[in-house]
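Let me begin by handing over the structure; questions about it come next.
Should a chain be cited, it is by its letter among A, B and C, assigned in written order, with residues numbered from 1 in that chain.
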């Protein structure tokens, strides 16, 4: 991923900024310009809580290029308390005891880097919410 | 619209074809197709390829293919809808003929996947997912389907044995297919115990990385009747639908809306119901995918795809045979070629030319081709007349 | 009045035991454990670095401060392990918190005292009235060369402090400093691991500067060790801070709440700031706290804080440092540690 494409997404990757439809209150992450729920096109920017529950997950053991040295790693879908579902890595977890329904909290982590000398891309990952 | 018939089919062998380039494969499939049709006329070409650029560095297949087919100056276009690109090529060819724009159109599906490393191929395939919000996090296609598999197992009690049976059944079918990449049989135990790729999916739950091309020649049914080479095979229905690119945004992770809509539209156009279908070629890129497709098309109720497979519903001699060719699982999955190869199998079966894997008295076939994790799907109904 | 309005820490989940490092190099584990009072150290996960630890610690600080991040006028990140040699950590932190764009930022480096350097600047900048709030972070994912004595202690962690002039949880009474040019530990440009002066890092370096700063600030404040409820001295191991505290006349109950290094290791720029955070987790209102950092090269910053009533209202809004240290830990073997720290690399 080239720098401009990553940089453009910083409000979403760093701060979980979503779009709340002013007409029907549906929250969309990533933000959209047309509400798929009601068709409206006016939104307010809101920051997601980053707290929710794991709905499903897998352990990636055969990674794509760029993630070779991270494997095995967990990727899952988390449903946040505000109802928004998003996909992310689950880190700081024991992949053998992870289970659906586990409470999750978003943390700021390195996602990947452009080789050893390139830019470092940061963003959200989830960790099991154990109160720390 | 004019009725559209398939007057020729052709395929390369599917597999790791080290000696063949992308142009070699296209030409080989097209020549086989012309030989099968027994005509030399060509008005237009449609080409389905998911990512010839990432897999081989070659874009602009719309020039390369007619050039090396010896058909310079013939109009050609490439269409792309991830792993449903082949189905899109056939659909596009159908529209050209049905509309009267062209008479004889060649639809080619192609993917040359082994010129890159495994990691690069995995990356290229993941470009069919949401790049910024799925692939960015390192998810792979096995990973996306694995998440659906886990959810299916937890919601419906689908078992590892049931998933594995999809692979066992498709390898059994594929063992009779001379074009198949992996024409050998496997046991459920072998599937379950093969190396883990993305939990709970193992290596033998996944379709392989494959080189290959497939081609069909379509023409107005009237013209086909004049040619009269074997039974007439007519495309009587086409359905096409899309869904969210991100699986996290699906209303129900385990119901593939695009598949339900594409199949019901195709059946509606053909004036058929799912009960009328004699057999189906479906997009079993992973074992769980075949189960999801069966349920989403309404072949079985939600949650019943696993038990039905284990009970033999979809076996070659079952009530609803699925993937007599061996499917993507055993035949191989050169992604852009798959949708066209499904039509080739449908025609082979309708002609009664499928040898040991022949379904007796097959008259009406359904082919279901899927893009990404269900973000797009094309369904064709092909009938023998 | 100026002081701290919010604080937070982040400690990685992983730990490695001194025995597991010693067994690889054939070293004598008991001598490290007894001699340096070190049992284990934190290890950052492969997806953690100074920027991520800083952001996660600062988010905890924001939870306690309860302020709009747009009020933060300056962000200082002190570290000797900034992820980039050129490109600030502070921009990453500021963006992640939502403090951009009208925020001044600087990455600081002064071995283990870069964190308190930031705190020093932040306190005095807010005191000057130029800005209402500033964020100071001490964070490191420090590395010791394989087999070197530093490998047993070089750890990872971050502490963040939001400084303001209203709604204080700890009021600053005064600061002082003691600094000379003393090369007891260094890392040259383009080299991966630091070098150090062995026993030279003791008396002429750590003890001289820490003692000098502590005495200077107590003289300035006209206070004696018995006037303090708590003291925190830089913790490169579990032995030095206890030795210097004893020598100055402090008692175990003053230093114990802030002494994390026996099971955390040396988090470098995060070290004494994390001790301050752990102390704030337990301090009563009106408590006097002495904080003295140390950075090789060499110098010490000293601070005296007095806690307020508000501290007990906000401390439970974010995880306590001791909870992170004691309850969030998984021990890993040396091989995993070497992989996480990129001492060994998988082929692409």
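Observations, loosely collected:
What we mean here is this: contacts are C-beta pairs under 8 Å (C-beta built on N, C-alpha and C of every residue); 3 or more make two chains touch, one makes a residue touch a chain.
Note that the structure is a prediction, hence the values are computed from the model and not measured.
Taken together, the touching pairs link the chains end to end in a line with two free ends.
Central chain assignment: A. Criterion: smallest distance from chain C-alpha mean to the mean of all protein C-alpha atoms. Centroid to centroid, with C-alpha atoms defining each point, chain A and chain B lie 32 Å apart. Once the centre of each chain is set as its mean CA position, chain A and chain C turn out to be 29 Å apart.
For the pair chain B and chain C, the distance between mean C-alpha positions equals 58 Å. Among all residues of chain C, those that touch two or more other chains are 348.
Annotation for chain A: residues 65, 68, 70, 89, 111, 125 touch two or more other chains. Counting partner chains per residue, chain B shows two or more touched chains at residues 119. Chain A makes touch with chain B in their complex at residues 1, 5, 9, 12-13, 30, 55-68, 70, 73, 75-77, 85-89, 95, 100, 111-112, 121, 123, 125. By the touch rule above, chain C contacts chain A in their complex via residues 13, 45-49, 51-52, 55-56, 59, 83-84, 92, 95-96, 98, 319, 323-324, 327-328, 330, 339, 345-348.
Against chain A, the residues of chain B that register as touching in their complex are 117-120, 122-123, 126, 131-140, 142-143, 146-148, 150-151, 154, 195-201, 246-249, 253. Those residues of chain A whose C-beta lies close enough to touch chain C in the complex are 10, 14-15, 47, 65, 68-70, 89, 91-92, 94, 107-111, 120, 122, 125, 127, 130-132.
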